[in-house]
Each structure stands twice: as C-alpha cells, then as structure tokens.
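Below are two complexes that have chain A in common, paired first with chain B and then with chain C.
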Partner chain A sequence: MSATLPLVNAQESRAATSAELVGLSKHFGSLKALDKVSLKIDAGSLHALLGENGAGKSTLVKCMMGFYQATSGQLVVDGRERSIPNPRAAQALGLGMVYQHFTLVPSLTATENLVINRPDCPAVINWEKEKASLTEFLSTMPFQIPLNVPIYKLASGQKQKLEIIKQLYLQSTLLILDEPTSVLTPSEATEVLSLVKSLCEQRRLSVLMITHKFREVSDFADTVSVLRQGRYTGGGKVADLSHQDMAAMMMGQSAATARPGSSGGTITTAKGRSNANDNDNDNDNDNDNDNDNATASNSNSNSNSNSNSNSNSNSILQLRGIKATPRSGAGLISIDSLDVEAGRIVGVAGVSGNGQSELMEILSGQRPLLSGSMQVDGQPYTPTRKAAREAGVRYLPEEPLLNACAARMSVAENIAFRNYDLKADGKPAWWLDRTAIRNHGKDMIAAFNVKTTSPGAPIDSLSGGNVQRAVLARELTGDIRLLIASNPCFGLDFTAVAETRERLRAARATGTAILLLSEDLDEILELADTIVVMSDGSINYQCSRDEADVPTIGHYMAGHAGDSTAPIHSAPV
Partner chain B sequence: MSIPWHRPSWATPLARHSEALLIPVGALLAGFLLFALFLALQGKSPAEYYSLVYKAGFGSAFSWQNTLVRTAPLLLAALCVALPARLGLVVIGGEGAIVISGLACAQVAVLTQQAGTAPGMVLSLALMFIASALVGAAWIGAIGVLRHWRGVNETIASLLMTYIAIALMNHLVEGPMRDPNSLNKPSTAPLTDWQRVGQIPGLEVHWGLLAALICCIAAWLLIDRTTWGFGARIAGSNVRAAQLQGLPVGRMIIIVTAMAGACAGLAGAFEVAAIHGAANASLVSGIGYSGILVAFLARQNPLAIIPVAIMLAGFEASNGLVQRRMDLPDATVLVLQGIVFLAILSSETLYGRFRVFTPERWQPLPAEGEISTVQQGNPA
Partner chain C sequence: MSEVDLGYWGVPLAMLGGAIRVSTPFLFVSLGECLTERSGRINLGLEGTLVCGAISAYAVAFETGSPWLGVLVAALCGALFGLLHGLICSLPKVNDIAVGIAMMLMGMGLAFYFGKSYVQPVAPDLPSIPLGAWSDIPQLQAALDINALFFLGLFAAIVLDWVLRNTRAGLYVRVVGDSTAAARAMGVHPNRVRVISTLAGGALAGIGGSYLSLYYPGSWNEGISSGQGLMAVALVIFARWKPLYCFGAALLFGSAGAIGPALQSVGISSGYHLFYAAPYLLTLIILIITSSPHRLLSGAPAELSITK
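Then we have the complex of A and B:
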C-alpha cells in the first residue's frame, strides 16, 4: 500500500494537468446556465474564476467534474479532447474538487476519511501502516491536522484544510477550489493559498479557484476569467487587470459605475469604510489590502486594556462576568465585559469554534448561563420572545434558511415571524390574521426587493440571496435597539453581501447597537467601530477600528496572548 | 423581467393545492392497485373485493352507520398522531393511551357507580371522561417530557410505552380489577346502564362521533388559525428558527403531546362507555395503529383526517363480509393498510418533482441571481 502513497515530495509522480474549455454551453430547458464559455487553464497555473452567485461558476465546474453533461462544446484535458461522463472519469484524469461545503464523514477520523476516499482502498486495511504513512505525508504540509480525532470535533478551518489535503492525497493534478477560504482566518487563507500557489509553481498542480475575493485573485492567481449570467465577460492575466476592471466585468459595466456606494463588498472596502466613519482619512485610493492599510496607520498593539469601562451610560448591550459551558472542544465560555453602544457596531473576530456560536446561543437564550449578567438598555435581559420584543432585540444568524426560516412555510409567513401574534394596535392576538400576514408580506417583498413567484411560495424555493432579503425584511423592520448578527454574509452572493452590509450600516445610522460576530475579518474591518477578538471562549483583545492592525488581530485570533512570533494554528481540539 | 405568457393569478395557488391533494390520492390509488395484485395472486377477484367493500362500508344507511361507529375512535387516534407531527414529532403510541385511559374510564365508573341522583350521575359521567382524557394526556405528555428534557426519541418511547400499557391492562384486568363474574374474558365490572353513552338521535351512532368531529375541527382551528398554532408550526418546521424567535419550544412540545394524549384518552373512554361496557382485552384493537395511517394519509391535517378516517373505517367495517364471502383471512385488511401506508410514505418524495405543480419551475426567471435555483444543490 505504502508504495503507492502520493507523497508530495515525490516530485516526479504526476505533473500538473492543463485544461481548456471550448464554447461550453449547458442548458436547463430554456435556461442557459452556461452560454459558449471558453477558457484555458495552463499547466501549473492558478486560474481564478470570478462571478456572482448564479453567474454559472458552479455549473461550469460541475460540467468539468462530470456531474453535468455539457449541452455543447468541448473539454480538452492535457491537449486531448475528453468526455467526462461521471465524477470517477474526472478523478481518473486527475481532476479533483474541494467543495464549499464539507464532504468529510463527520463520525470518522481524518485518517479514516483519507483512506476510504482512495480509489484503491483495500478490503482489509492495515491501520498502523496507513497511520504511519499518513503522518509522513502530513509532515510535508505547512499545517497540521489531528489525524485521530473524529471530524465533527474539528473546527471548520481544519476541515477545509483536510479537504485540500485529501485531494493532494488522491493525486489530483488539476484542483478545483470552490471558495476555499470562506471558512479560514486571513493568515490561514494566506497559508493555504501560498501552499497551493507553490505547488502550482513547481508544476505539480494546476488550480481553478472559484472566489469572490479580489485580493485573493490579485495576490495569488496568474490568470482570471469572469462569468456573468452564464457568459464569459472578460479575463486575462491578473497583472494586467485592476480590481475595478474585474468588478466591471462581474457586475456589468454600468453597474460598477452607477452604484459605487451600494456595491460595497470587497471592491470598495476603502470607500465603504470612509463612508462609515467620517474621521477616517488615512485610506489610500483603491488600496483594499487591509493588511498594508492598517499597518500604515498607527499600529497600536498595546491597546489590550483600552476597553470602555462600566461607566458608559450609552451602552445598549452590557455583558458582565458571563460564564457558560462550551460545546465539546472549546474552552469555558468566559466573557468579563462586553459593551455595545447605540449607533455602533462591535465586531467579534475569531477563528470558528472559539466560542462565537456559544455566545450567539447565550444571547438568544439557547444556552444557560453559569453566572454573570446580561443587560439591554440598563435592564436585566432574559432572552424570551416577550423580553426581546420589549427591548427591541433582533437576531440575524448565519445561513438564514437553516437557522432563521421555516423552510416549508411561505415567504409571507416567514416574514411574519416577529409580529404574527400582535394585533395592529400591539395587543396580543389569538387568531391568526392571514390577510394581514399576506399583505405585510407583499409590502416587505416589494420594499426589500425579494424575488419570489408569489408571497405564498415556500421560502426554500428562493435563492440564497432572496432568503436573506426576506430575513432582513423581518429582522430590520420596526424599532430595533440591538441587533445581534452572526456571519450574516456567509455563503451569500455578491449583491446580497453588499446589500446586507448596507442594511447593517443603515441600521447603525438610525442608532441601533449591533454586535457582529464574524469569521470574516475583512467584514469586521469594513463594518465595525470597535473590534474584539474571541479566542478559546474568552475575549482577549479589543481595539477601535482606527487602531486595528491585522497582524495583531490575527495574533490574538490564534490565541497567543503572550509571545509575538508564534505561527497561527487552528484552535486546539 | 419579461414574462412570455400571461399567468393568471389563480394559477399559482391552484398548483400548490392540487399538489397537496393529488399526490396523496395518487399514492392511495397506487396502493389499491398493488393490493389488487396481491388479491389476484391468490386467485381472488379484486373487483369483487372492492365492490364488497363498497356495499358493506357505504352501500346502505345501515353500512354507513356501521362505518361511522368505527370512524369515531379512528378520528381521535389520528389526532394523537397528527398534532405532534405538526411540531415535527412522530408519536405512534396512541394505542397505549387508548388502552390505559379506557382502563381509567372503567375504574372511575366502578368507583362512582353508587351515584343515585341525576346530578350525581352527570358528575360520574363527566369524571369518567375527564379522567380518561387526563390519563391519556399524562401518558403521551410523558413522552413529550422525556423528549424535551432527556432527549429520548419520541417514536421509540411511544411504541414501547404501548407495550407497557397493554401489559398493565392485562395485569389489572386479570388481577385487582377483575370482575369475578367475567369468566371467559377477564373484564372490569360492567358499567351500569346510565353510565353507557347513548346514540345520536336518528342515527345508530354513539355521541363519540360528534365529539371526535368537534376535536378535529378544534385541532384544525388551533393549529391552522391561531397564533399559538402558527408558533407551533414554526417550531415544527425549524426548531432553531423558533428558538431565535424566542418561542417556548419545550413548553409547546409538552402541551401538544398532552393534547394528543387527551384525544386518544377520549377514544379509549368512548370505546369503554359506548361499545364494550367494560375494560378488557378488546381495547387492544389496533385503532391506535390505524390512526397513524389515517394521519399520514391526511398529511397531518386535522380536517383531512375526517374523510380519510371514514374511508378506512369503511374498509374495516366491510372486513367481516369480505371474510365470509371471499374466504379471506381477517388479516387481509391489515395487508391493505400496510400497502397503502408504504405507498403514502413513498409519495412523500414526490413533492416538488412535478413541474406542473411547481410554479417556480414553470419558466426560468431571467433576472440575475435566480439562475442559481437550478444550479444550487451540492452534488456531494
């Protein structure tokens, strides 16, 4: 067995694969998901694929991986035209894919997952031997994964790394990465992409990377292709293209110039931030590399203790001495002090699995407190429906369809979740006013531009961005004192992300206090006025946005409160 | 967004409602067809079977009454499944609640038999029913409590508790509660005549039918027309979303399971007070299990339960005639029920598959973002 093991330093084993798509089309009935798309991935190059959700990126990739059969057009792999009837054929050609969602078996360990995925997996497995050879294989990797721990105990960052390792282990020579860094910290993302890049440079791997982040394209990709509504709208060498060029290709020429403010997102980070905070003058033009940007401003790494003390009367949310039991894995949840003031956004940064989801559960009443106090507007707060309504507390969880919607109920019903049990005059209602629900739904669908066939359509028939719009309509309508948001943009398409962030800014402008828990540091840097870092269940760093310095924050995210040179690893298991 | 053809406003709701109606009906017909095959393989005529069912179940006023008598407990047993199902719980222990509350009814009847005056008699009858409902509520409510506080699977718990209920009933009826005069079939002491529930004037059907119909309508109003029921439906569809809305999910689970148990309890009480006149092994008649089939056929809708229960009651009412005329064993109706149940469960996968019922798929919406509805769905 071990003889066939694909060690990365076995240089000669397989060389990078090149691929070319020629006039590829894929039609679903009358819908043209892909319309005569051509692109070329040179051997040993890192090719980025940009486009909004629905632009056809996933369809393109599924055609390459044999999940779909193209309606017309050719696929050329290593100079020969190939048909890929099924995923197995793709794997035989050296094509491997890392999905946005994890494909590991949660109850098995990393070792078991890797071995069972091997096409030549033997009927009887010599586990000692496999473990030894895997440990050797992993030692060539720039990051470590615990091999003998069930996957469900790993943080999502570690799972993503394992997904990439799995493809290398399976000897893929053309790797398709579907938004590979959406679950990683900035330094982890850099680490993973650097590894991928170096493998490309050694011509052991070619990569097609789907991404939304322009910074990743300009820092790592050699070439780029942009899709919009199923068509190829541009591309070329990354060195020749500015972020504005790419944004124009992605959004359509007019869109990028016509709505600079609302397009927000990653392209106009600098602009969005200066809008958000008027005294923020030190942004260079079109410099959205937060790293340089923040370092250029005064990096104040000694600001650990500058937390606003209890005397602040403006606080909407006050947490004091919170202690709660963690899920298995994380340290005891322990938050000494956390304040969110009216009209401010406090961003909680951290690697996933360091207590953020527990904090969200505490704030929404799903995790009991061992000790400590929660106050909203100076009043003790116990998260019940009544208390949340009286205090004006709303929630915006991640993955809205999974966490904030009843999938089988209609769009209008889902929009009514906050107020279905109130009459127009605010008194409790016993009978359901179905006309009011439908009319309110219609109004909200129009106001928030939710695209649906009718208010009575089940909400799971909507696309992800439109589900989020419906949830925003529900949670951001009314008198809101405090909004608690957790990864509100995770998995959303470009416009929905921009729109969500714009809504958060608008809520802040009307005086809402916002606690933003996010694994996306860029998002926090873009939106938050105050940044706190959560690591191993407690808050170990706090700074204002002006003082924000990405390396320092990354350092605390990694849980290294003491030494300054430690590399960043994921949370301990 | 250009719409190539004009879509009338009633088309979308019509499509959704047609799907909810036609898929179960189609599954039912498929089940009947498979059962016809089963009969044909034994050399029996399916046509004769179905025509006998029609004659004995629905062919005359007499057969209608026979059917309706069997409908009453079936309605209540189906509610015992349908109510928790709207909260996302699969409770299949109605049989146990019927047995144990039938026993409670008989016991209260024995204890209050001495009441001589009219108010005393009314009180005695009321107590019989209240006690049955409470015992049923406690029996199934306990499953809700186990589920909420201990995370015990409600399906397994309710099934196992049914065996406990039956064993308990056998023990008590053959021991401490046995009427010495019941020789061949151990029973509790018979109810006195005034404790028996009479018939609806003009019908040879006892009052249980009316009570069950009222329960169905009340359950439908509660779940589909009140704000409380709306909250329960949120919790039934997505517990996490309900918790984020601050809804008391645990309390809802316990209240709904207790209400479900109370319905089954009433079924037990009517079985004792209107049919058997005493608690004995006849209480274990499989009504609780037939109720599961009814609830699933009705897709857990308390109003749809009514026609479905009547139909299945007709099949059961005709069983005797079918046995005699066609020389088929009495388990035949169980085979039919099993086949229909499988057909219904299989049909659950068909929702959203038919283009004609799914307005989202009538035409591609060309605006950006919408294309993704086709592309989404991870192949892995």
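Then we have the complex of A and C:
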C-alpha cells in the first residue's frame, strides 16, 4: 500500500482524528440510555466498545454522529469541544460511520453510491472522470470491488468492504464501525480488520469499533471501553485485560459470579478459538492428539444419547435432490442430500445470503420446490401446519418477533398458536377456550422464565430475549421429533443466548433432531455435532464436530470448493 | 384530396396514427408517475390531475385564445395538485394510496364543477406538425399528422432518463426511492425530495391533460380521461420504472386504445365496441404477467408502499 491516500479532490491528506466524550448522558424520557459516559479515542488508535444489547453502544455512537443530541456532556474532537447537530456536521469533522445494516443504496452501483455520498458531489456528474479517479483510488486498496454492478448483486463481504472504502473516500479520519464483521467469513473479517488496523498504524484513521467478539478486541484493538446499562463499567489497554475481565465488566460483577457456567463457557470458547487460530500451523501434532481424544469421548456420548432416545441411527429429516429458486439473482438453491439424525444437531454454517433463508423457507413450506423430496421419519413431508403437527416438526425462525409471532397479540395467544384450535383430546375445536389459553400461557411463562407484565400483554412489548423465550416455550413443548432453528440467538443478550443454547442442548438430549442454521460460526462450533457449509445455494462441505477446523470451514464459506488461492469472494451474479 | 381505399391495410395505418395520438397523454402521465414512484411514493391522484389539467387548459385556451398558455396553466395546475399530495403524504402515518384516491376524486369533482360551462364552447386546438405531407395517401397524411406535444413528451422521457442517471438531483431521487435510511445517513431529506418529485410529476400529468382537451379528442367532456391516469400506474410497472421504456409502453397502450376506432374507420361495425376495452384488458394482462409470488419486481423502488 502506498504511503499517501490518493484523494479525489485536491485537498491534503488528513491525519487521524482524536475524540473524547466527557460525561455524556442521553435520556429518553425516564430511561437513561447513557449515563455520564466518558471515554477517549487517541489519534491513530483502534478503540473497541464492548457491551450487551441495550447497553447504550448505539446511543453513544448516534450521539457522536449527530443523529441524537446528548442530554448533557461534551464531545471533544481534536482537542476542541464540538456540537454535532446532524450527520453532515459529523462528516465535516471527519467522523464517519459504518453501520451494522448497510447504508449503501441497493439499486445504485458502487460508483454511484460513492459519488452521491460526497458532500461536494457536482450537480451534473461526469461519469468518465469519476470512474477514472475512483479506479485510481481503489488501486491502492488491498481488495477490489466491482464498480459498475448494482449493490444488491454484491456479497455481504464486498458490501462491508465498500462501506469502509466509502468512508475513506469521504476522507473520514475517525471511523465508527458497528459490528463490522457480523456478516463476514472469518477470513474476510481478518482481512477487513487488518486493513483498518494498518490504516490506524499509519495514523490515517482512528477507529471506534462496536463488537461482541472478544477475539476481535484482543487481536486488533489497542484500547477498550465497556458499557453496561448505559454506564461505563471499565476499560483500558487491551494488553492489560483478559477475556474474563472484559466479560465481568460486560455482565456486571455479580452476574458473572452468579452464573459461572454460562459465562465461563462462552469465554473458553472465545479463547479456544483464538488459540486454535494462533497454533494452526505450528502445533499440528498436538491438535491431532486432541482431536483423537475428542473423537473418543464424543462417540461415547453419541451412543449414550442414542440409547437414551430409544431410536436407531435413522435420519429424522432427509432431504434429497432439493432444487428451488433463490430470492434474488440467478442460480439455484440446490441441496443434494442433507440428513439430521435423532439426538443430533446439524449446524449449517455460511455467510448470510448464501441460501440459508431459502432453505428455511423450503423447510417451512414458504418456498415451493422445483424438484426433490423431503422426508420426516421416513414419511414424505409437505410442510403445512397440519403436517408439522402430525410429524412433530417445530420451527425457530430468525427474528422471532417478525417471523414467529403476531406482534400485537398477547404473549399467551402467541404461545397457544400451535394448539389453540385443538380440544384436550386432540379433536378440532370450534370455540376458543380463553381460560385454557391464558392458563397454559401462565404455565409456559413460568416454565420458560419469560419476563412479561402479564400473559395478556402484547408480545411486541417484550424484549428480544423474552420474545425468543416465549417462542421457545411454544416450539419446545410437546412431542417434538425435529426442530429447525435459524439464527436463534441473533440479537439476543448474553443471558438469553446462554439460555437458548441450553434449551437446544436439552432438546437434543431428549432425542430431538435439530437442524441449526446460523451465521455465527462460534454458535455452530459450540452446539453442532455435524457441520455443513452452505455457499452459493448448495452444501459444499461437511465434517463432524471433531474434524472441524475454522480456516477450512472459512475457506468453504467463502465459496471455494476446490481452489485454495482466490482471496476475493466473487459475487453471485 | 380523395380517400384512397386501402382495404384492411387501413387498420394498421389507423392504429399507427391512433397510437401516436392516443399515447401522448399516457406518455406524460406515466412519466409523471414514474418520477413520483422513483422517489418512493405512488400518486394515484394523477387521474384527477389529468382531468383538472384538461379543463384548466381548455378554459384558458378558450378565454385567451392561446392553446400554449392553456398547456402552461395545466402544468401549473398539475404541479399544485402534486404539491398538495406530496405535502399531505409527508405527514406522519399518512398512506399515499389513500391520499391519492382522495385527490383523484377531488380533482375530478373540481373539474366537472368548473367544466360545466365549457361543454359547448370550442377552444382553439394545439397545432400539429404535418409530417406526412410528402405522401399522396390521405390516411398516411392523417396518421403522420403529429402534435408537437408528442415530441415534447419524447424529449421529456429522454431528459428524465438522463437526469436520473447523470445528475445529483436524479441520484437523490433514486436514493430516496430505494432507501430512506441511506438517504438520511447521507443527510438528504427524503420528504423534501419526494414532494419535489411529486410536484414535477403532477406538472407532467397536467400537460397530458391539456393534450386531451386541446388536441385529441380536442373537446371538453366528463368522460375525457377514461382512466388513463390510473392505467399509468400499470404502465410504469410494465416499463420497469424506466422513463425511456415508458415511451414504448405508452405507444403500446396507445395502439391498444386505437384498435377500436381503427376498426370502425374501415367499416367494421359489429363488436368493435369490445376493442375499446383493449387498454383495460392490456392493463390486467400486464399486471398478471408481471406479478410473482416469489420475487419483487426487478427495478421497483424499494421504498414504494406496494413493494415493501
């Protein structure tokens, strides 16, 4: 990479901006979303911002970006106190943000997106000139982006890179990244963060990065701040902090000690991951030994669970030669063979948008098959509500409030959706038994620890974690043969994540076959017995938990079936 | 000049002439609707705008004797309607389709009220350009007797297409129509862009209305528009929200509308009434063919209330 950034207009290359928040508070009515938070981002440093959902991270960055006005407190940029009334003012100070949800306009090309975002965009655009200067600008970047293809045809990784490139193009000198790697493969994530880190080291950028992932903090960040319930609960130099320290700050000291099991588990996983990555090449022998041991212990546990559930190794779910049209673009969803056995979790890994949502739709009957067959328990299965009830198939779709609930209906009614139209003896019922619905709801709310003001409260008044608990209560009660779950922990807080995963393990222990589609590779590594990778609408890799190797899985997630070079994920066009 | 008997050849010729004649209001309304929809709003009120444009142009042309002044006033009248629609829809929790229907009914009511006294008088027509003067065949001359507004419409389609691709303003319209969040993030005011787009779209529809009363059919009556403002919505879908395709689609709808009169002109008198329904049938067929349960229409602005 060259030492100076070629700029589109002839201004001088700006150096990294420093920023400091002093006692920043933001109140929404009586809710203190931010309570006297102070933190400092040095010029040229990469500062990580950790915290659970609802800890106030997004409120904090929205105050910095001018979307919200802080109730009290100061914002100091490059040593001068500033007020930022709107996003344009933030941009003028060199503050740029890469949002978790992409802000590129889907129907515009990369070129159009970049040019229209420039504050000095000319009234009539000379595309020849703009394209030439953009190509020159991009030639200094470590990766290439197709410039003349509409954004909706790009893969998520490419969009994320383009978002970062956009900020550099707009001459941002303080970059705010909101969970920048949540839609990337592990290798893409490393690539993107390495780029950001190297720009920091050249003192062209300072970065504030919101993240959930301890590994990213310890691998890339210089300093870290932790928020919890709107308050600053700790931070400092990353080098001085262990993952346990950070987890304790995130969850509050008391919570961490009260639930050693769940927090400990998560932290070890995170640590295990980073160790596995570090040792990748050096300690092959050691790893092999470990794997052998793991295989032995695992096969034991398998035979146990099989004998528990009283079934042979027959598949509960069997997909053969499935073909269907994808949501967008050309190509096909094509799954030759996928089996889920009783008492096993099969994890489908993959970068978002590679056919997982379509697979979920196929399995839930929302997307017609062009060809192929689905069998549950050896019987042909056509997903309807009736068939699902008879075959014991249950679903945990992603974004439960949107896909598994009627948002304005009550918690009890939502919990009753599977069987409200059946009498106690299983015959169809004409009249709703409101008392039974309410009582059943009450029982379930207690059993699954759903926090709600009453069974009659509308379900959209619940937090994300409690919505998922209510859906779990509905889907995991009764005689279940097969559970199909899609990103069940997406957007949930620490406690709800731990609980949801525990419920899935418990269901597996009672012999339920589980198909788990997840964009979170850590989640799959934690839960699945068998891992398959989905890319470009088909399954291109399968391995057992013991053989699982993150770089290999990442390689297949990026869509490389055979070749080992090609660093850039080609767009599915 | 005497009529030359062309036999059944008269039908395609009359259809060509008819297509050009009938398509012009379609073209203007669909360009207006196209611009409005590209900014993320649907204006169903264009039917009312069209009728109001027709009566205001007719009245002004009759009172002043200048049809071009009538066209200008029709455009202003349309802009006013567009402004009203745009402003109402900028209020929180207002549905653009409901507002559009209300505006359509209001526009038609106003036009019929003020138009009562203009049913009888004859206003001066817009001039046409006799492009068929080289030919000896009167039917060909008639078919190629093309109004200047047709060329203005073609020009408007080309300009709109260019603006949407090559100017900051055009890109803002597309950004706002595709992603309100992205527009906000770059500091563009979505409502402002939409109000301006709806206003300009209304002006185009107003011009389309002036063509109806000042050239073809060339008089004022209450059935003057016969739903062209509503069919423009289907036409824009068919044209994939592209101004240049709107031109082609307008010609197609125009020729469908010209089948009935063309058959009548060669003396087929039985059942030709059925062909007057051709544009409506075409609308239905297009909507059915372009619908799909599996995917969004390609090219549809993502912020449209019907595609969200």
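Here are some notes:
We take it that the second predicted complex is superposed on the first by the 501 of 573 C-alpha atoms of A that agree within 3 Å, B and C clash if a C-alpha of one lies under 4 Å from a C-alpha of the other, contacts with A are read in each partner's own complex, and residues count from 1 in each chain.
Simple rule for what comes next: contacts are C-beta pairs under 8 Å (C-beta built on N, C-alpha and C of every residue); 3 or more make two chains touch, one makes a residue touch a chain.
Values in this document were obtained by computation on a predicted structure and should not be read as measured data.
Using the contact criterion defined above for the overlaid structures, shared-chain residue A:E112 touches chain C, although it does not reach chain B. Using the contact criterion defined above for the overlaid structures, shared-chain residue A:V124 touches chain C, although it does not reach chain B.
Touched residues of chain A, counted separately for chain B and chain C, are more numerous for B. Of the two partner chains placed around the shared chain by superposition, chain B is the only one that A:T495 touches, whereas chain C remains out of contact. When the two complexes are overlaid on their common chain A, residue A:Q244 makes contact with neither chain B nor chain C. Look at A:T477: by the touch rule set out above, it reaches neither chain B nor chain C. Look at A:S337: by the touch rule set out above, it reaches neither chain B nor chain C. Touch criterion met: A:T103 reaches chain B and chain C at once. In the superposition on chain A, the residues of chain A contacting both chain B and chain C are 87, 99, 101, 103. Considering their complex, residues 12-13, 16, 224-231, 233-234, 236-238, 240-248, 358-360, 363-365, 367-376, 378-380 of chain B touch chain A.
Chain C meets chain A in the complex at residues 166-169, 171-172, 174-175, 178-179, 181-182, 184-187, 294-295, 299, 301-302. Chain A meets chain B in the complex at residues 28-31, 33, 52-56, 58-59, 62, 65, 67, 87, 99-101, 103, 229-230, 364-366, 383-389, 395, 397, 402-409, 413, 417-418, 420-421, 428-432, 451, 453-454, 456-457, 461-466, 493, 495-496.
Residues of chain A that touch chain C in their complex: 86-88, 91, 97, 99, 101, 103-108, 112, 115-117, 121-125, 127, 325, 327-328, 367-368.
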